[in-house]
Each structure stands twice: as C-alpha cells, then as structure tokens.
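Please see the structure below; I have some questions.
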Amino acid sequence: MTTPLLSVSGLHKSFGRTVACDDISFDLWPGEVLGIVGESGSGKTTLLRSIAGLIEPDAGEISYYSGEGALDVHDMSEPELRRLQRTEWAFVHQHPRDGLRLNVSAGANIGERLMANDWRHYDNIRSEALKWLAAVEIDEARIDDLPRTFSGGMQQRLQIARNLITSPRLVFMDEPTGGLDVSVQARLLDLIRSLVRDLGLSAIVVTHDLAVARLLSTRLMVMKDARVIEQGLTDQVLEDPQAAYSQLLVSSVLQV
Amino acid sequence: MTIEPAAARDTGYNFAYLNEQTKKMIRRALLKAVAIPGYQVPFASREMPMPYGWGTGGVQVTASVLTPEDVLKVIDQGADDTTNAVSIRKFFKRTAGVATTEATAEASVIQTRHRIPEQKLTSDQILVYQVPIPEPLRFLEPRETETRKMHAFEDYGLMHVKLYEDISQHGHIATTYAYPVKVEGRYVMDPSPTPKFDNPKMDNCAALQLFGAGREKRIYALPPFTSVVSLDFEDHPFEVQAWEHPCELCGARDTYLDEVIVDDEGGRMFVCSDTDYCASRRQAVSEAAE
Amino acid sequence: MGKQAVLSVDQVNKQFVLHTQNGAVLDVLRGVSLSVHGGEIAALCGPSGAGKSSLLKAVYGTYRIGGGRILVRHKGGTCDVAVAPPRQISALRRDTIGYVSQFLRVIPRVPAIDIVADPAIEQGMKPDAARARATELLTRLRIPDNLLHLSPLTFSGGEQQRVNIARAMAAPRPLMLFDEPTASLDPQNRATVLDMIADLRKSGTAILGIFHDPADRRTLAARDIDMAASNREEPAHA
C-alpha cells in the first residue's frame, strides 16, 4: 500500500468554450471509495469518464498502478486500454441500458466479460453467472430472460453483476442509484458496500445524493463549476464543510 | 464430357461484363484479402444487372478472376439447375463466352451460394462465395466502427456470447449455417450462409476461396491450405449435422441432404443437395452394373 | 515523567465560519489543552455549547481545527490528527481511535450483527469470530436474539445506542471516545455500559468521554475536565 491505485494530476477538459474539468488532481488508494458530489453540470461525470478513459482530456495525467507498474491511461494503446476496461476496471453507468446488452439474456450479459477473457467452458460460465445473479439478489430462474423484462432496479443490479464478475480492482460508478425508488436504492447500497468490502476493490462514485455519498464513500470531493472546491474524509466534508458551496450543499439536504 | 465449350461472347460488353479498371480494382482488393486471410477488405462494389441478394458480390469477384480459358460452374444450394445458378451461368456465357460445366472436377472456377461441393477441391480451382452479410459480429454489435475495432484488437468475446445464447436457449449450439470460424488463429470470419456441415471443408482446402459481398462492399479470402476453425465451447464442441438415413437416390451417408416433398400427401425424401455429386455416384453405379 | 500520554491535545482552536449565514463566526474551541493516559478515564464537563462534542470530533478527525496539535500515540509513533492526511486518519480510526457517537448512521438493511462485527473484520478478525464476538456483546447489552439479524434502523433509540456501543466495543482501540454513551439507556443497561467502559479502562485503554450524569462519572472514577475553563478567552483570530 505504498503507492496509490490511481493518480490524477492537472486534469483539464473543455467542450468548446465550456470548461467541464479544471486542474483536478487527486490520488485514490487501494480499498478506498471516493465519492464525487456536486450539482448537475459541475463536471462530475466528465471527470469520471475522463479518468476511465472514455473521454480524452485536454491536459493532465492519469496514472493507474496495475500489478505491472504505472500506466498512463491516455498514453496507452487502445487495445491495452480496452484490456484494462474488461479486466481490472469496471464502469457502472447511470442508466443500465447504457451498460447492458438488451438483446441477449441476463446470463449472457453477466458472462460476456468472462468470454472476453477467454473463458471457453459453457458450464463454468453459466455457474459463475448463477453465482453472481444470486449475489445481486436476482432469482436464478431469470438467467435466460432478456434484461428488458427486468425492472429498473434489477437491471441496475444485473449491470453491477456483469461488471464485477471479473473481480476488477477499480470500479467507476456514475449515479449508480439514480432513478431507483428508495427501498431498491437501499438494497443496492448494501450490495455495493458489501462487495467493496468482500472483494477489496476501490471505487469512484459520482452522485448528487449526499446520503448515498455518506453511506458508500470513505472520502469525498465536492465539485463546483468544473473545480474541486473541497475534499476530505466523508465525515469531515459533511460535518465540517469549509467552502461556502459545500456548506450550502450540506445544509440543503432534506432530513427524514 | 459435360463441358459446354467456349463460344463467341457478346462483344457489346467488355469481357465478363466489368470494365478493365473495375476488375483491376477488385483484383487489388482480392490480393489484399489473400494476404490477410479472413480480413474484410472494402471495395467499390458496382451496380450489376441483377438485384442485390442475387449474388452481385460473387459475380464481381468471378468476373475479375475469370480468363477465357476457364471452365465455370455455378451452384445455388448445391444445385446447378436452380434459377440463380442458371441465370449467372448464362450471364457469363454471354459476356465472357467461357466454357461451363456442372461437374465439380471439370470446373476451374466455381461460384456458389450456400454450399461447398462434396467433392474435394483441388489447387487448380477457385471457389467464389456469394455473401449477404460479411460481418460475423453484426448480430450483437450494430456499429461498423466498433466491429472494425473488435477485429483489429482481436476482441472477440462477443462471438461466444452468441454461441452461449444458443446453448442457453436450445441446449446446444443451434446455429446451423453462417457458423463463425477463426482463420489462421486471427480473424473471425462469417463463412457466408453455408451449412455448418461444410465448415470442415474450408479448413486446409487446396483451392483458393474468395468471398464477395456486393451490397456490403466487402471482399475476403482464404488462400489455399489455410487453417479454419469453427468456434465452440470446450464442453459443447463443434459438430456437423448428421442424418438418420442415407441419400435416397445415391445412398451416400456422408453428404449434406435436402428434404424434398414428392407429392401432396406429405410424402418426402432426403437427397443429396449437391446434384452433381449425387448424379455422378449414380452414374458410377450404373456403369459398374453394365 | 512516567508513561507518555495516549492523547495530548495542545492549544487547539476551532471556529466555524457559517458562509450561509452571512459569514457568522462561531468560536467553539479556544486554546484547549489536555492529555489522557492509558488506563485513565477523562470526562469532559461543562454546559452545553462549551465545545465538548466538538473536541471529541476534533480528536476523531471529523472537525478540522484551525490551530494547535492533537497528538495520538499510534503504532509506536505519534500522529498529529490536525495535519494527518485522510488516509492516515482512516488508519488511525481502524487501529487506534474508537468513537461512539450519539447517533447510529448505517446503511438500511444491514443487520445489527454485521454492523457490530464490521470494525473487527476491518481490523483483520475472521468474520466468524467477529460475528461471535458481536453476538456476545449484543446479548450482554440485552438486544433480543430475534433482532440480531434485523437492521437497527427499525430499533428504538436505546437499542440503537446499544448497537452503537457494541460496535465500538467489538474492536477496542487504545483510545476510545464516548459521546454520552448512557444518555437514553434504562438503569440496567446503563450499568452494563458503565461496566464495559470500566473493563476497557482496566485493560489499559485511554478513554475520553462526555458523561452527563455526575453519578456515572463517579462510578467510572473519571477525572473531570472543565471545558469552560479549558477554553481560554482569546480573540477569535489569534
């Protein structure tokens, strides 16, 4: 644990005249869950997608420390990046439809990453898929059903299973509980947290929901107008916010 | 002999219909395709005097490799006498004046739709396939930009997703035609809608195999003696179809059979789909009897 | 001097600047100094608003202080909470500082037994052993068996507080912070909790807490620290 898992420095990204990420730097350490909070349009998702190699930033360096050493995410070849994205990384999209193949069964969705990693034994793939369906609390009898017959919450859990089956070291999540009703949200939070603990993975979670951020993340970054205006341990940021905007954000949360 | 000899061609057209510039362009694409077995080479497919789906890709490839000395055979689903085969054969008789035949052994160029002849091909022969959809990954990935990258990066997990779906739905790999293959351990290729029964014939074949997709504007190729392996799972290995009965005309037990309805009362029989192969077996039997 | 203190708070200042309320400034800690040794219970006393809870949160690293040092003996060395980066504070919390807050904040659906076992597992205890220990603690604190596998979010205030205490006790650390641990407990459970805290002290733990009831402080033989006196009257910007 002497090196971080991911190191971001001086990241900058603009879309035309609009600056989405401005001079963002941070380290992510093994086992950490980093929450990125802020209002819509503050650059959270762009930051996440830039780090995950889905968008090319204008400036800055992103280093990922794999087993073999430091890799510059935006300097590596595309096949190398894709290999990383289907082995050591995972990306959970806000909308499950962006992260699932809707025209193949739940089992095939879960098994795809295994097959992409050269698994060639049908029964092994299938039993692994069944194991993961159970892990995300989807009835095993649904393994051959198409995801479009699933509810939104089930689709999101399926997406998580599909991503975590290869035991990634780093998971990117974009509003993983957005658009779900609260009971489903709680179930998903519980699931994500136990997976994080049991698999020892690290995660970067973008959310605008401070309650989700509090329960999931060990550390928080607050973004406003493309910049990180405050960061610290989750309880530090939420209980003793320093920046004016963070204070506004925290004081605006509805209490139940 | 069954060869119909070369005759005068219609000189209103260039030899084999296409102009020389076009044939050169297609030959360049063919050379590239032969150099990179299984790789889909884009080419400037021309309008042909027949509709798409009737073999415009195969016809352009045949036109580009044909010489006046060639003997041409054309089959559709294994038969020489079906509409598509007859009209393409006529087309080249008229525009190229080449000799034609129905006997596999006598042909130097064979254009085919949906079958590979039962008789083993030789190094003197070229087999030209008509291809409707050249992209094996299209079933699951609609974006051409993405499928080209997948080929480039050998990112072929998706191909097995399709086979997985087959097994999960049918208990076995139910894909029976256009069954995907891996060429020389590198490119995954669609063998065109031939039955998977024919897949083993592509492997290590002595003849040059050329594939033309007219509407999709792609050419690909298997040079002679190329390794062609059908994709499968360790616990669900690739298997060809088998029939309970032999061909009811020639008695062959190792050929691909077609079901033929013989009357209005549901009567049917199973016969070789390769009409030339079936006929020559029957002829050999009757000659031996004499 | 004898043994080095487990916790040394040295000239600690903390003020809140409330940007949402026209930049109002609240001075909650002004030059607070104190120390707690292993095997000692120190009780923070003073009227509400004297900064008792704020000091606990500063020691735990939740509140970031404006000046001074908070030195904690950690794995053979000394760590200043005031300047420790988040990762180090996480490590401190895992291995050195335990904190029993007044409120239980957990993910819905996680059963009580897992909430209690978690910190021990994080310290490296085997899950089965941690769960056994959790069961033992929850039973001692009179949480009925049939509640162990339910989420404590549905529990009464007193039950939640006992889950919170069990959670801290499951993974004892050399420095334990208690914020009114007996506040909403009945006499029986209060006695049990005080017993547990006394046991911690006997095992050499340094304890800093807020115990409202003077009787509790006497039971624990706590050393009272007057927060009102500790907070020296100084200009806020000093």
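Labels for the chains are A, B and C, by order of writing; each one numbers its residues from 1.
One rule holds for everything that comes next: contacts are C-beta pairs under 8 Å (C-beta built on N, C-alpha and C of every residue); 3 or more make two chains touch, one makes a residue touch a chain.
As the structure is a prediction and not an experimental result, all values here were calculated from the model.
Central chain by Cα centroid: A, whose mean Cα position is closest to the mean of all protein Cα atoms. Using mean Cα coordinates as chain centres, the one most removed from subunit A is B.
Mean C-alpha position of subunit A lies 32 Å from that of subunit C.
Centre-to-centre spacing of subunit A and subunit B amounts to 47 Å, using the average Cα coordinate of each chain.
Between subunit B and subunit C the centroid-to-centroid distance comes to 78 Å (mean Cα coordinates, whole Å). Interface of subunit B with subunit A (complex): residues 140, 149, 152-153, 155, 157-158, 160-162, 164-165, 167-169, 232-236.
Of all residues in subunit C, those touching subunit A in their complex are 16-20, 57, 61-64, 86-87, 89-90, 105-110, 118, 121-122. Listing the residues of subunit A that touch subunit C in their complex gives 29, 32, 186-187, 189-190, 193, 197, 214-215, 218-219, 231-233, 235-236, 239-240, 242-244, 247-248, 251.
Only residues 78-79, 82, 86, 101, 103-105, 107-108, 111-113, 115-118, 120-123, 125-126, 143-144 of subunit A touch subunit B when the two sit together in their complex.
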